[in-house]
């Protein structure tokens, strides 16, 4: 019964008001229920792979989830694997699938067939050695989303001059978007955004201490940036930055 | 003298150490000084217009700056004009140039020749009537950067169903990127990002009260979003969101 | 075309991949679009009236919105009317409709026919004279949602003994739920919740100064309450507390 | 001696002023002391069971307290048991009493006779796998308070469509109240409250990272919710949400 | 009926369970209701006068409240009078009663008969000219509570040497307790407490700017004080400091 | 040379300006240097014992410091001893001196001769079992400062009625001052202060979770207290509360 | 009597214990009282002029204080003059003395004889037009402390290239220290400190909006700076930065 | 090709617009790329040694980096070495190079030839034993930058008198600048700055608990200091304070 029919039945006394109310609720929900089948579609189009946050998962469960996910998908990104489980997960994955690791991070991209390239290109800069792990998570996401990455780490503001050759290399390679990963005062994102003309995504990291620690200074600094056009993701959110960057890069390539 | 020459002179005793030190400093700065001519170039390429924050400027000064900027550029965006000066600025600008106004905001785009279109398309959604001003600033920036905008305001999460027809319209129009402007709990950005497959930029606004007021709840909510791929600008930063969105949209169009 | 048909057309080469992608997006949105008609239904069932936040609205616009809303509904709550417009709104409303005002607040309930009673009963306590305005907003919402209210103001923790006769009166009247409005240290909500056995909703208010000002101390105190069963709304959110309380009270009465 | 008698004795010089003062203090306190016997009564009526926070308790002490509490009561909820003591507590309890455990949490409900049902029904939704522990604490409290629970976990906003079938099931089952447990941006509570017409209680959880971590974003988001009628408990306070929900559900059932 | 009688009536079937429940609730509350008469007694003993926070009160109402309060009491402290009403309140009060004003504050002590002295002595130090208003509020409260005050203002840490003669004067006068009012970094309270051997109460004030503004730095500094024995009241809470200090001073004098 | 002499020597050319400047600096410092001998005196008068924060000290060093301190003083309070060193410190101390321990805390008072009593009496209330450790630190400080203590723990606001018999006992015992130790919402301090007429010192504790955790809610609540006359020390600062309370109690007793 | 004499008198029974205690207190204070004469000396040596914060001062009082200060000193800095009093203060000062004004600020340096130069040189950079007022306050302080200033305003990070010629000019002029005044993300201070080899003092300003507003982002960014050697003063504290810079510059010049 | 040439080629149709755009980008970057050689120069002039933050480095990597750095430099400061690696690093370093350790810290200065002295002198004061580690890091940096240090630890505000002899000693030794390391309420920095006439740099430390813990109170207190001329570095940033202090001291000495 649709809304009209429910109200008619009620007026004719065929159903009680409380029955009508319940039918109305159910009707509404049922209509919305139809949207359930969208999700798979969306995943295909947006191209973001399944991502497993392994931080609070048992090793056994983790293996099962990887297996199950890869039975339906070509790739899965496993991030924040517990240090003690990391080599075990790698071994498990290497036996059955192909893998791609990142530096200074326990994330791993597990896949079956080689991932096709859209031609989208993402440049990734990290300000300090401790920021590399976050940058590498972003990189793995980009690669899982069919993009190529060029990365350059240890480019800090204290050595301002080290930024320029990197940006030159990025522009020669025609990157579509740049991710800047930076802790402490996070000024690198502002500077890159003020020099580069491609979209720039800033990732503040939780590196730092004292006032503004845990990434708060870097986040505030990036949000307050005088350099128009910089957008930001949450502290340490390399995965989110990668997804946004690859989305932009793919859009540029696939729309041509 | 370059670095080598300075050191040689020093070794040969031709110059004193303190003279050498000063020469070294000057040499370094001079080299860097050469970058001064880049800026104009960057502005051309990135396409962000001159933007005047009028908040703390006197009416007379404001007029002078508009005139001077438009003698060298085709357009200028004047934002945050004092309420009491707004109509005066409009009159002044209308006499000499063409203008484009925004709703619920004192920003105005002043230009000489009609602004050419790149074909870039930006969709803009605002969650509540009070967020419209920020959305309109974003719109004016996008238009000044040669993009077309489709906007839909008063689409709040309390009426979840109102979002879907809007997104449908955006996709039919093939927008390249969507800006979501939302105060209070800011959930709209998460929801749009979880449905749409184009890049989404969230703008938290300072609408709201009590705990999380001044946009803090909306900002936190957007940064914590479970929906991967959402990037964010600072609270009320419509201008920044517009610049980032138009940059992405133009890149897609001009690269094809 | 549904998902299957789109994929078939694509495989048969009848449509291009980019056409298929667009169709897919549209299909998804269209399905979700069907939920649009739910909202009116939900409003009826939940019983929350239209609420207009008048804070940023022009007097003229406000009158129009009241008129328009009352052409389709029996009642509308106008809250946070600008001080300078308050008497004008009252006069306008009194001429055409019936009204109910609150003490120490510029909210007004405007209605056409007398609002029917469900028998739901809400008790409202405010801790200090300055909290009355928030309490009265809650009261107007409850009344617009067909409940009766008993209120008792100026019952502070500094005079602990004043609470007991009030609670006695509430229990004799068989209230279904109690709203406690309190600023400063907000302890009143904890105390009422530890004595009363009906559901208690705490509303911290922005009364207070120094550390914990703007309602932060009262909010923290209520959230940390040792007294299990207390739930909380945002600072100064009398409207939200009223809606939640009336919802509970009506549920008790209508389910019997 | 009552107040009057004290003053008379003082006036007649029978007692000294300092003696009078002390008598006055004692008299006041004595009167208030009479309220001591209320508490047991209140506990019975409100129906909240004894709850032991085991976090800082030694295993031996814990066993003693459980035994002592169950000598006077039919049930006791032990929550936040240390990981290392958990199985020992379970074994101890299973030997002597009946128990009910929760997933992903070390809480356990220990009881002697089967707990009677009032017919009150609580629906519980959790947004992510990590929020299940908090949801299960709420569930155990509800069950100890004689309610039935229906729960559905892993219903996140990133997969918006998963919410609707759950809500449909809840409405068919005629739940009296819904608890929404959500970390990260906490938007799920707003969404459920904007769709469902029963009272909704939000529990922000400390899941999340970066800006707004530790539940702060979820709390702010729920307090700022545009969806009227949502009330909130403190971060991770599953116990409090359960007590409030069961109180409402029982009220509806017992008042009929 | 007391608890026992209620249960007996219930067992004998004389009253229904729901009637019993209500009787139980009422009985509990009634018992507690008896404490109502305590309050007057407490006020007498503690000696804190009636205090009217005039900030949000209309002039007319204010006059009425003063009149009414003084019909039952000998004195009343009116604090935070609106600047525009201050002289009117003074005139009104001077006509009918005696008054005592404070510097840099709109507080006024209104009384009928001269206030008797207990001999309690309070020393009050303020760090900067802007802190005087808060200090004077403390002073008026002390005087209304029958104490004598010695005050010394403009004794800041930047001129450390100015503190010592003041403390010398206080000790010669045998003050029972010292109130230190200080904004900015609030170090003065620590220093006085480390030198003086009487109890010291710190009042942080909202003087200051930038990081730690609004009294936050002063409050934090006083709470973190290395000087044991310092206690603190809220920012700008001169009234509270005065009440605490006079309470201590009177206790010392009246107990001898 | 004093200031005058320095200036004369300078004018007569006997010393160079830079020499004069240095002499001036030295002269100033030398004068201030004379205050060095005060400290011992102050300690005697104020009566606060030596307190060793053992948290970051090695066991061996700790023993040495205790020995050295007791060679010059009759007592020393050792607080925050590392859990693993606690029994070792106790054994060491018991062998050579007398000791007094506290519950739920690793503080210990070590003394040589029995500590004399001034007759000062301090009442100590703690709200929850977890607050006992902080209360016991306060108690040891009071006892080391020659006061008697009466303490009552586990008196929470959730069981409001348990407060009254305790306060009655305190008043019968004629305590000079009351310390209230409370975490969570900290309301107990407000309540005690609104009932008792002796000075009350609140100690917020870091017990609690979620919003307002780590004692922030309790601190804010106590500072915002409507009950005039309550003063506060920092979170978990039992030592500071004890020192302040004993100072007040001793003052009352020794001044009589 | 000194400490020894007091104790002897006490032992011989010449004075009572309470008399001894008071003498002891007085003795201590008296010794410290001797330091009173230092302050004038310190002011001379440190060279910081008298500074009047005029924000809360009446015009008449202000004039009196200026007159009185200049009767004893050669110069006085009046800062934060109320906008409405500014021209009146200028006129008053110009009539009797010489003055030096600053741009975008209501500070004014009033002096009698031309201020002598030490040769100390301070470079001052401001990032945006709105930061100029703070920079000019710093400049006036430096000049009153006998230094020369070179300033360059409107040098923002968005136009990175504009920094270099300024720094070149500073180095050629051989400044002893550089003050960087910057709001928003405050990155300019880091950048200057990473290029220049003289001491750099950062002044965050309250320019900015949204997250990190009121100077919080700039302050955090400067404190977190990767560029070693940068020190910071409070938000908007131009006066403090000027005093510190001039102190350093003078030290360099006067020590040679 | 320079900018002009690129534009000419474009106008003549020799290159396409997109080629011109890329050339323009590359040209800009290339020019900036030339500044790369500056950095070594800057390091020499500013005199800050290489500093390795060892916190997140593996022992093996750490040794390699030390070796590599010392192959090009005379000294390297290794700070925040993991406790478990500390002695191993010391042994490794002692075998091959000379070392200088600090108390209460795992920092170590490793060098080849004895470090030459400029004659710059830095005074370092720490307020409590727990602050010594931070002070010692500052000291090692100063020494690596060719300065002499005089340090005095355990000079707290609770024993105000202990400061004066220390300052006297510093002035006699003619220190050029003073570093004050202080946790808790951090008042020591204010006091030293108000007495001493040399530049003072405050280092707040993370010592402290409760409200204002983690150095927040000390930082706020130092930033709010009434004592003009005090500058501040971030919490626990001994390295930064050392670098700034040595820079000032060296400037004074080398400019003479």
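Note that the chains take the letters A, B, C, D, E, F, G and H in the order they are written out, and that residue 1 is the start of every chain.
Heads up, the rule we're going with is that a contact is a pair of C-beta atoms (placed from the backbone, for glycine too) under 8 Å apart; a residue touches a chain by one contact, two chains touch by 3 or more.
Values in this document were obtained by computation on a predicted structure and should not be read as measured data.
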Copies chain C and chain F touch via same or different residues, half shared test: same
Most widely separated chain from chain H, with each centre as the mean of CA atoms: C
Most widely separated chain from chain B, with each centre as the mean of CA atoms: F
A-G compared against E-G, more contacting pairs: A-G
Rounded Å distance between chain F and chain H, as computed from the means of their C-alpha atoms: 36
Distance from chain H to chain E - Cα centre to Cα centre, in angstrom: 48
Chain H: positions in contact with at least two other chains: 25, 28, 32, 35, 37-38, 42, 45, 159-160, 194-195, 197, 210-212, 216, 219, 223-225, 228, 234-235, 237
Residues of chain E defined as touching chain H within the complex: 127-128, 156-160, 184-187, 190-191, 194-195, 208, 210-213, 216-228
Residues of chain F defined as touching chain H within the complex: 22, 25-26, 28-30, 32-33, 35-39, 56, 204, 206, 215-216, 219, 234-237
Chain E contact footprint on chain F (complex, rising order): 42, 45-46, 48, 51, 176, 194-195, 197-199, 201, 219, 223-225, 228-235, 237, 239-241, 243-244, 247-248, 251-252, 255-256
Residues on chain C engaged by chain E in the complex (per definition of touch): 129-130, 159-162, 164-165, 167-168, 171-172, 174, 195, 197, 209-212
